[in-house]
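Each of the next two complexes has chain A plus one more chain, namely chain B in the first and chain C in the second.
Now for the complex of A and B:
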């Protein structure tokens, strides 16, 4: 509409309305912002009162109380050393319990509760120190070890790690219910002498007793908890450097110095708070920046910022080997050797680590045996270098054609790659999808599952390829070497080869280190030639620690993060 | 104002009979149909018009774009991971990589005092060599993007070299063209830094091997290349993501998924809602209340839970796309809003005087529906449709963001945002582009819907 008559021109009523409405809106807006701000502070104060971390220091380092605050990657299922299978339980247990032997800050095996120990033929004798005490003041005796070990071997307890005691005479039979539990070769001669009879003499038994499953338990206390042993902070007795004083499930945990610990002078911290239970790396980084935790692992996308901030970064080789396992069950396509060879020939772990994962500390995988494993004199991998496949696409296509001919197929149906749900495993899976598609025209279907689900599918054989990892239980190549033995339940692809089995038997039973290492080298060769699996990487961590906290140690074997030697350096 | 001149004085002529013609101006304009009128109003609304152009542009981007930009969205350019738009693409051809044994530095790179380079630093590898440091039991090699100030800020620990007689290191980790500051720190027997360290600057240049040139089809005749020649790497106008995939191609592929869901789902559920609501409203009575209570029941169903249930029911295995269950869940759960709206509209029209008049004149049901009901509800339906599209696109993006949508390697804007989020601080382009696409698309559809509402429904016109 056009206004012809200027005298009729008035301000449009809408304009005025808009202005008034705008003013009102602005008032409302300001009021809303103020109200929300007030609510925010109120809620924050309320949360502070009710939070699980209430009463705990919110600072990473509390110099006054000689306390540090850290995190746990997840809530431990329980703290019963006889049932523990996961790394988080293992880490906490290493702080609150002590076995016969333990690893010191340099990763050397030293005496824990045992003062000295000796292997004579089939018999291993441990002499216990007389000043080791439980946190209620009772002495730690050889009977506590005998009870714990026999208890976890009894079929009714159903310990998943019972197999680690199988070197002991009759342990396997007792665990299967074939012989009475009293026939197992564990015998507390008196309070301070423990005699263990082994099925066959093995050279590495002292390294095994440092493992979590070999921890002691006080029988009287265990009976008194009525099946709730290790379920709560007060349902346990502690004999380690620290004791758990509070455990708010799913939220926090507090460890305090154990006054009854025999070597209490060694411990310089008064308490450790695990105030957060999360594994989300960006949350952890924010907590670290906020000065709420003393250390945090970094993802590749955080490195640039860490360098910019000038943080002191550390690197740690975790010792775990990650590999892509094939399903060797006969009904699977991956049971075909030529197909596996073709895939191994386009697989390039160097490219995976250097270009895709991009995290320092990761080593390109070359073998099932990680680089740090001890050999006879030097490291095993120095003495027996691992054979590797170089990427050769033309050769791979030749093998693929052979495989197709053998299988009577024109084209491979899609293969299922079972993998985890972490960022690294997802990127890795997407990278493999492209590598095998581009070079061999093999379609990979990614099946990303949470850990428990993945384990279930691995056990059921519901995969063609699976991104798997294996961490060491003890410091001997056998902890990796028997992985593909046909009887090993962790051999998820059901690989079965009598030649490899024979070598595993030699490695298990021989006392001659050179002979054992030769057996491991032979296993390494068979795995390479038969393409049992494709090594991906050995995992490492880049982590940042609080500048005032010194002496945090990370172990390949035992507690992944060890605060027992840590102290606060208030000077900085 | 003057007084009315007619009243001033009457003359006899004034009372004479008029001739056949009227002197009054003809106050008619060409008759315009409802749609012509609506289109005219829409054209006058600049925001709506711009939104319309954006949506047309988006359709061109989605369907014609891939014909012009023929890059496979799944192709991984491993040499150019997380490259920002407009990065330098030049690369020098070199020989294939061979691991360095620490012997014989390249000519011109003889070992000097302390830490030094043992060859031209390239993206293939950086070779370092150093002299013995006093009291060193092992060495730790660091790399930094910034100048290190002291022994605590040496940067990324790359590798601990436990053999003190090995005084060389070859770095291959994620090397990019640019300047790096390498340091070597001496460690004592307990793996603690002695405080002794040395730093060297490495200006890394981008290189490529003939084999890589061949597999990536960068030049016509790769065999003619000699070391030292320069080639141009493939061009990525919007950069690449964390696996070196072309962002532009992925955005186009993602747009297809987003528009598939965003257009198809509203089309189906609005159609169903219209039929359902119209039946309910037109028939009325007990059927109406039963049907509407059922709609209320559907509204109460939680969407996310149903999404998960559908994925299970459909047997969507891991690694398969969840797009079809998403579509079905959207259709099954989103129609009640449209149904209610249309029912209300129909109820209202049914009671209008002109409908009663038509009834009295003996109009059939079909006539009533075709002549009165449908045309009068069409505006509402169209507006609902345009508002449903951005909502559906947003839902798709959200579900893909939390990992319930497309399966890799298929891209969708939501999943691209999810991936880009992780590298937000270091490579922001991986997040910004898909996020901007979602925002612009949703905004454009919303503004167009707003404009359509104003244009189609005179009653709901905003005061402008």
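Now for the complex of A and C:
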């Protein structure tokens, strides 16, 4: 008998064994699917504690329950208003808390918990309304403000935003541990009157009071949370239009209308679900397309599709100014004015924004002061247009030669450009590398670092140029204007100029708005002429909103996205 | 066996200690300051923050304090979320990653065994060609591409059908799990298919299969008892490391599908220099990985008597 090769069994196509095995495999396949399904349900039950969407509608707009669903860019890192520093926490806080003053849907400053307020000399008095309530029904009193403000000024609390209270008498000294906290000029005269004594009279204090750090806290409740204030939905007390009813960390958050809110009639939504926490723009766009969230920011590659779909597009200047800062420490080459001038003359923010970054909503930078800042009657930049350098390579080379002569160099050694690790900062750095090499034969070494490391290097002065950004804290040009004051710790290039310092003092202390704006214009001019920095761009977003949801407002100051005025237009 | 188990566990503890120490040293030598924020802080506030996190002490002392706390199971408080304990972060987010990971591994293992067997049975015929082509795709294309593609196709399917077949992203129900788990398990599934295919081919041509056939056993019995079972052994070997790798490596998939897993914290902590979260997640993941490897070794000895004898 012929010996058969064992592999022939396998290869014989019509073999009985293969057919039987195939059938058997099909049975196993079905079993596997069943097993997987069972496993999914089992795992789901086991992980029930962490489920996020429980009880949440999957639809962007739930007309029946008068509820909308949106997203948060990230998990809010800090919901304790005394410690919060970031935009996402600030945005949620603006929905669930209310300070003495707030911004309305037009961005105007209006009364919140305060009914009226008055600045007299260096005393600011706030009269609180009697119907403001915490979400446990207790009244919101002047003591709640006094407690929160003094608490965050205590050095032991370590609030990074304590500086925003420094206009108050003795606040800075108490924060440094130099005077007792009781000496700070915050005084609740009675439950409904808060008297704030300022170090010197300032014209823009009311604008600062609308900031997150100035929110109140209920002392009894705060003490009872034992250090966990703001860590969970039930570890907070709310006095805003909404209250947080659930917070699944990293996953979702639900805000419901606060029945105790004094102006509850103004609020038209019953609930807001933040069903997703992600910053991935394509995920967000997919969620929007799938009708699961009411709004989404768009990247440039998504614009065309959005146009085709006929979505309603909106634009929003987010408020932050990005610029290339120079290191002004005397030992650095960039301390040389002619070198900075040479660079400024080839720097072209229009080219950067329109041909390199190409993101929708971005505006070429022209000044440290962004376009949206208010002046006396109009926007500051309308009243005092920013002087700009036009690209002039020949002139730039003249300045470069002067710089080389002053420095006693034949050729400039490579300069270090410190930058971030985001795609935009990388492409920007590479663009500058090319521009300065081509026009001035200056070599740039790119030093891309993650945020904290970049910050450390900026503070240590370990750079020649750095890609920096500055976002506003309050609605006054001073939030940008004092950045280059010689005493400002955020002036990481250590620029120091008595003429600029003098203007900052005027802007800080004058009560005359016209005089203050003139000081800012002077600061703008000095920064331009001394080439303290080179403005790159102002960041903006193009975003889409759900056609049935009206009244979504986006603010530069306060809540980045404000749903408190939103409502569902079911007719659409 | 008991002696062996103990020995492996001791080795595991030493490995975890080594991971913890190396991470601690590495972390403290990375440039950057965990307490810095966008706004510069004054000296007094800084000193207070340093005292709160014990950063004012010498690094060696910090190390011993940290190790002592770690033995007590206390990983400290997060730097970025100053009112949250690292233990809470792990407790709340690891189950999510684990759920996703276990499911993905189940997908991978079951799919790998089934498709591997199928390709072996139909070697050099159409099903084999198609599946092996897909396997090459699965191995070479990274998971974030599959994640994005999967999500995009889901959006299109949903919009064509006019209702939501599966949610596009998010977490919380069975329907949320399906696509991410599949995407996460795809690479491993492809790898396991290849493994199963070659192992199955080897088994099919072995002597004992011929004996079984000669004995007159039914084809069903030969296939399920003798071929499939023996061929699946190598797949089980890689299961343990695969569970650990998938559970800890799901960061991208978690990001794309907006899933609140631990992977996100793991990566963000490094970017933000959140010392306590870096330590907590790294030590936890390290211990998990070590434990999984030990477990597989033990289980393997239990399944295959030949290993036990050595």
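Just so it is clear, the second predicted complex is superposed on the first by the 515 of 572 C-alpha atoms of A that agree within 3 Å, B and C clash if a C-alpha of one lies under 4 Å from a C-alpha of the other, contacts with A are read in each partner's own complex, and residues count from 1 in each chain.
Rule of thumb we're sticking to: a residue touches a chain if its C-beta (ideal position, glycine included) is under 8 Å from a C-beta of that chain, and two chains touch if they have at least 3 such contacts.
Computed from a predicted model, the values in this text were never measured in an experiment.
Residue contacts after overlaying the shared chain place A:245 against neither chain B nor chain C.
Once the two complexes are overlaid on the shared chain, A:486 sits clear of chain B and of chain C alike.
When both complexes are overlaid on chain A, the residue A:286 reaches chain C alone and has no touch with chain B.
Partner contacting the larger number of chain A residues, of chain B and chain C: C. Using the contact criterion defined above for the overlaid structures, shared-chain residue A:433 touches chain B, although it does not reach chain C.
Judged by the touch definition given at the top, the superposed model places A:401 against neither chain B nor chain C.
Contact with neither chain B nor chain C is seen for A:514 once the two complexes are overlaid on the shared chain. Contact with chain B, but none with chain C, is seen for A:547 once the two complexes are overlaid on the shared chain.
Of the two partner chains placed by superposition, A:136 touches none, neither chain B nor chain C.
Within the superposed three-chain model, A:17 lies in touch with chain B and with chain C [touch as defined at top].
Overlap of the chain B and chain C interfaces on chain A: residues 17-18, 282, 449. On chain C, the positions that touch chain A within their shared complex are 30-34, 36-45, 47-49, 52, 80-84, 88-89, 92-93, 95-96, 99, 102-103, 106-107, 110-111, 114, 117-118, 120-125, 148, 151-152, 154-155, 158-159, 164, 167-174, 176-178, 181, 201, 204-205, 209-210, 213, 218-220, 222-224, 227-228, 255-258, 260-261, 264-265, 271-273.
For chain A in complex with chain C, the touching residues are 6-7, 9-11, 13, 16-25, 28-29, 32, 35-36, 39-41, 43-44, 46-47, 49-54, 56, 58, 71, 75, 77-78, 80, 83, 85, 155-163, 175-177, 227-231, 235, 248-252, 275-278, 280, 282-283, 286-287, 289-292, 449-453, 455-457, 459, 471, 488-490, 492.
For chain A in complex with chain B, the touching residues are 14, 17-18, 105-106, 282, 299-308, 310-315, 350-351, 353-356, 358, 360-361, 393, 416-417, 423, 426-427, 429-431, 433-435, 437-438, 445-449, 542, 547.
The touching residues of chain B, when paired with chain A in their complex, are 74-76, 78, 81, 140, 143-146, 149, 152-153, 155-160, 172-174, 190-191, 215, 242-243, 317-320, 407-409, 422-423, 425-427, 463-464.
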